[in-house]
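What follows is a pair of complexes built around chain A, which joins chain B in one and chain C in the other.
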Partner chain A sequence: MHLVVCAKQIPDPETPPAAFRIDEANNEVIPAQGIPPVLSQFDGMAAEAALRIVEAAGEGKITVISLGQESAQAAIKQVLAMGADEGILLEDEALQGGDSYTTARTLAAAIEHLGDVDAVFCGRQAADWDMGQVGLGIAELLGWPSAIIGKDAKVEDGSMVVERVTGDGFETVSMPMPAVVTISNEIGDPRYPKLQQIMQAARKTVTRLDAGELGLDPSTVGDAGARLKLERLFIPVVEGEVELMEGETAEEQAQALAAALREAKIL
Partner chain B sequence: MSVSERESSPGSPASDGGRPKRVRLVGAWWGPTVGLTGLGLISAIELGRTDASREVFFNVAQPWAVYVMLAALVGLLVYGFGRHATLWAIGQPTPGILREIPMRVRNAVRLGIGQEKVRRDPYAGIMHFCIFSSIIVLTLVTAQVAIEDDTPLSFLNGWYYLFFSFYGDLFGLIGLIGVGMALYRRYFSDFHRIRWDERIEDHAIIVGLGLILVTGFMVESFRIYTTELHGFVLEDGTQLEAHPDWARWSFVSYVIAEFLDIFSPTQGHMLAAHTWSWWGHVVLAFGWLGLLVFTRLDHMIFAPVNAFFLRTDAPGRLATIENIEEQEVFGVGQIQDFTWKQLFELDACVRCGRCTEVCPADVSGQPLSPMHLIQDLKAHLASVGPDLQNAGHTNGDVRSVSPIEMVGDVIKDETLWACRTCGACMQECPVMIEHVPTIVDMRRYLVMNEARVPAAAQGALENIEMRGHPWRGTTLTRESWMEDFDDVPIFDGSQEYLYWVGCSGSLVERNMPITQSVFRLLRESGASFGVLGQEETCNGDPARRLGNEYLYQILAMQLVETFKAKNVQKVITNCPHCFNTFRNEYPQFDGHFEVLHHTEFLQQALEDGDLTPRHSVGTSVTYHDSCYLGRMNGVYDAPRQIIEVLPGVDLTEMRRSQSRGLCCGAGGGNMWQEEIGERRVNHVRTEEAVGTGADEVISNCPFCIQMFEDGAPAIQPDEEGRIRPFDVAELLERSVLGTENGS
Partner chain C sequence: MARNILVVGELEGGELSSTTAELLALGTRLVDGGQVSVTLLGSGAGDAAGAAFAAGADNAYVSSDAGYDDFRSDQWVGAIEEAMGQSSPDAVFIAQSMAGRDLGPRLAFRNDTAVAMDCVSVEDDGGELKATRSCYGGSAQATYSFATSPAVATIRAKSQDPLEAPSDGGGNTVELSGAGDSRSEIVGREAAVAEGLQIQDAPVVVSGGRGLGDPEAFRVVEELASAIGDDKAAVGASRAAVDLGWYPTSQQVGLTGKVVTPDLYVAIAISGASQHMAGCSGSKTIVAINRDPEANIFTAARYGIVGDYKEVVPALIEAVKNLD
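Here is the complex of A and B:
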């Protein structure tokens, strides 16, 4: 069994508000000083789901793929340390700066390049832009079935069985393989790697592939191929005003409050 | 800055700031004993110009049998301790165990023979002194008898014989007092800790010793009755010489012998009673010494030896795993992964329960009792040790010998996680067992080898890895606290001190005002200092205490390089944990800096007149010693000296303070763990602080302050009159700068 985990490196979602800055002129997030990027936490959970399947089966290979820059190696190594077998970094100037569509297209090409993949695991969404489209996009482009927002997955009689989180509970779906699954935080925290694995992961070489090797026309991927254009990026200004109600007694204060609310046409 | 305060700590027991006066009374017990003995000596020399002496094996047939028993005992001891030693030998080498011999000898004498730690419980101290001194002196008495009999030397005569009779009886009596105290505590009091793991051997040891002393007095009084008091004529016609004036020197037996007259015993009865009690005494004595091999009586030997093996470096320092990337197993997962010294320690444990009695986890009903942990490891060693030895001899697979997992089955994960690494157990242990390194060694295995980490602790570790600090989800940056100032100097190597704010001091809302107080006081004192701001990063302490030595080493090595590159010489830290790490652990990575906790610096600044406490504060406080400033580094006085000079501040100590202080509950990475158990440690400690009636609880550690902030509303739901936690610096600032942080 060969499973693929898609992993994205993102700016730390826990960047303190004071350190989060954007470049409004270029519609870009300015990387916060001293706060290194991290693995999108849903992708760690996707890796956890894949690892559970391989463990239950007692065999299988997990390949982790990331589309990104050199620094994304760290995200790949993190999944390798958790127990994945191989890492692929899709690093090419032509691949940078795309949207959900080009990302799905690039990842789908990489999965086709691998050939013998039985299932793909993605996080339910990347924790930076929260689009939640890439997993579905990969399934669409490959013509595979998909189940999204899973809290657990297992392989039963050659089918992928996914326990899905729904608005009012859970549902279990089954689909033929190969298939795409996206995983949600309900699965729980991803495992903590053993030191042995961390050191093994550190020694592993990550394979690099570019657009040419993936057989992708540069005009259809990355910035050039993107169909979604970002119009404006800004930090909303939230203003709040506090007015303290005057009054000798609680009753007077309540009356003043009621009057003020009526005046503001809230009551 | 004074380093002399460092002495008192779990490892080095010297100037014990926490020793109450009553403990010194125990020392005074020596006075009467030595005095009485001296008096006896002088009197004997003055009055005893006689030919006093006695026949050594009076009325005893086949005395050679004694030597057969002695040989058997020696054989038993050699065999028994040999077996112990082969079990210790399955452990790993113990680095540095033979370094600093003079200090080790001093420890063996002071802690082992001088029993400094035993005396921390005054009752046990006196009891132990009685029994211990009695056994030593009476063994010498017996040895002298043997020398008198078996060598050409003859000295048991004249004044020395009388003195010998006197001190023999004196220490027999002292021994009986000790045994009486032990019997009272075990059978007639509600003293609980010695019954937590009571075994048959405990009764055998104390009753046996009592019987030896009683039969000893019986033998002597029967002999005195027969010879020195009544001068019987024996069957073979020997006329014994009566010498009541000699008899009085054996003052205890003499009184008993006088009482025997009530029964008007016959000569035959008396001689038979003497023979029987003599053999009874001898058999009991040898039998009792045989217990050395099978029971905790072995502490007579192991306690001083373990004191010799006691670490000679700072107790707050954990051992480094050298060449960590080349290890096959990380930390201690099986019994043979311990060092032989750690295995030896298991045998030294006497199950006295002192460690458990002071353990913050146990105090709160959480799943850790240091005594049971040590005993469980000891039982595990006894059960798998021999098979491990065999496997070692046959080059078998030692790692598959044990049918159960030591870490997980014998010692539960939650037991290891409940430890605060506060060092209270080590501080109290009368046989110098070092529990904390043993526990952390097993945590290392859990974290690095098995990746079994409680979720919250895992979150903290991952956060350190990813973000360089353990405070997951903080909305502050390392420079947030500076926003109120425009003159915070950034350290560039030209200043004297680096003010190390630490993760808590900058990223936790409650701790930020403390950082600002320290900053304002440093500025006021005119000190030359700077901060690192965004360049600060976790120094690795939580990672090391949680068991991730690998992560700790990476962080430590990086930070040592940063410090060196910036030409850091002196560091002032906010946090006692940072303080301990820089001071005691960074030298392991060639980082040698002069490290001060802010309370030490501020105390010196007050003393030098650089800070003046002008304003009266008008508050009553109690002071809580953080474990890593207090017990682990012996800084008890500097913070108190600050509090004491402040006008209008009334200090009341808690029952447990200084070296006996109770942990706030956050140490050892427990700041980032869920507590399981009946109570939370910080609630227990807050209750103690509230019990003093003080308005404020003053501490010196960001974790302690957070724990009190959390504990206060739980203990005092009513906000009115609730105790408020503050750092020493915040209190000092009120007096020096007249600020109103909290008043």
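Here is the complex of A and C:
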């Protein structure tokens, strides 16, 4: 069995609001000083789901693929340290600056390049742009079925069985393989690599592929191929000022709050 | 420039969902002489067409086949494709619902076009559609234009106002094919949702966070909701509290949970991370109870109490009960 995990490196989504800045002239987020980028949380969870499947089967290979710049090696190494077998970095000037479409197209080309993939695991959305399209895009481009927002996945009798989160509970979906699954935080925290695994991962070589090797025409990927054009990126203004309840004791503060809410006709 | 707009409708208990009405109203504001169409799939679809016309649709593409009642993306995509073939839309609007999160990318990729997910506004900017959505967990907003057509957008619930007065124009109904085969089979289902008032519908939502320190503390949060009124207030939770297993996933408020827009949102021991605020910043009034005066929640709150919830919440329950 050959599983692929798609992994993205992103600015730390837990960056405090005060440290979050935007370069409005270039529509870019300015990396916060001293806060290193991280593996998008949901991608670590996707790796966890893939690892559980390989462990349950007692066999199988996991390849982690990242589209990004040189620094995305760190995200790949993190998934390798968790237990993935091989890493591929899709790094090429022509591949930079795209949208969800070009990202899915590039990843789908890499998956086709591998040839023997049985399932692809992605995070439910990248925690920077929060789009939630790439997994489904890969499925559509490859003509595979998909299940999104999974909290667990198993392979049973050659089918991919995914327990997914719905608005009012959970639903178990079975589909033929090859298939794409996206994973949500309901799966729980992904495993922590052991020190020895981190050292082993550090020594592993990551394969690099560029647009040409993937057979992609540069005009259809990266910035040139994007279909969604970012016109403006800005920080929304939160207006208003908080009124803190006065009082010596919690009782006095609580009474002041109840009275204020009554006066404003809210309660 | 006249444009045709297709709305992917959803039914709730056989009735037109309120979000579908919001999307249809958005459609009427952008058609500029074109037509607003809607797809309605599943039991009751035929009967819901009237409500869709009143909400702004000119055409309804319907199939009342019960095969559509369970959402399976490939069957729905097939039906929507059929409606797209007949209505030639310049834009397709879909709710950012569990179904919509799947349909948006699937339909866009199938039609060689782009989708903007979870939009809070779509505007006509000199003839060009521009969609705005939040990103970076709600810390930023991005406005996009579309290089390809049709423009596909999933729209956040309650971000659009429905029509003020129902439209009385009536409309055409077109039958769509029934649900064909699906590659996915739903083999199990487990309901996990609080009974009674749902957080999306409640006029008051009282939410607890990781700062409660203990799952049992949700009882006090529930007690406050009861004191406000079981018919008015529902209980929500931050993702940190849900991830700890303290409260059901169905009650999670935020970017990856539910979006709520109550008259009153009470955040107890919640820091106010951008991803949490993404689910409650549309509330009319936010009240924060937090012992850290620097907590981000106070920047969004209208009223606040800096203090230990263990003292403040019981006192607030008393104070609410003593009103009148």
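Going forward, the second predicted complex is superposed on the first by the 240 of 267 C-alpha atoms of A that agree within 3 Å, B and C clash if a C-alpha of one lies under 4 Å from a C-alpha of the other, contacts with A are read in each partner's own complex, and residues count from 1 in each chain.
Heads up, the rule we're going with is that a contact is a pair of C-beta atoms (placed from the backbone, for glycine too) under 8 Å apart; a residue touches a chain by one contact, two chains touch by 3 or more.
None of the values given here were measured: they were computed from a predicted structure.
When the two complexes are overlaid on their common chain A, residue A:A104 makes contact with chain C while staying clear of chain B. By the document's definition of touching, of the two partners only chain B reaches A:Y192; chain C does not. Comparing chain B with chain C, more residues of chain A are touched by C. Residue contacts after overlaying the shared chain place A:E14 against chain B and chain C alike.
By the touch criterion defined above, A:Q33 reaches chain B but does not reach chain C. Taken together, the two complexes place residues 14, 16-17, 189 of chain A in contact with chain B and also with chain C. Against chain B, in their complex, chain A makes its touches with residues 12, 14, 16-19, 33-36, 38, 189, 191-196, 198-199. Residues of chain B touching chain A in their complex: 324-325, 330, 447-451, 453, 455, 458-459, 461-462, 466-468, 472-478, 480, 534-535, 550. On the side of chain A, the complex with chain C involves touching residues 11, 13-17, 20, 22, 27, 29, 99-101, 104, 124-125, 127-133, 136-137, 139-141, 145-149, 161, 163, 165-176, 184-186, 188-189, 226-236, 238, 240, 242-245, 249-251, 253-255, 257-262, 264, 266-267. On chain C, the positions that touch chain A within their shared complex are 73-74, 97-98, 101-102, 104-106, 108-110, 113-118, 130, 134-137, 139-148, 183-193, 228, 239, 243, 249-250, 255-256, 258, 263-264, 273-275, 281, 284-285, 287-288, 293, 296, 298-308, 311-312, 315-316, 318-320, 322-323.
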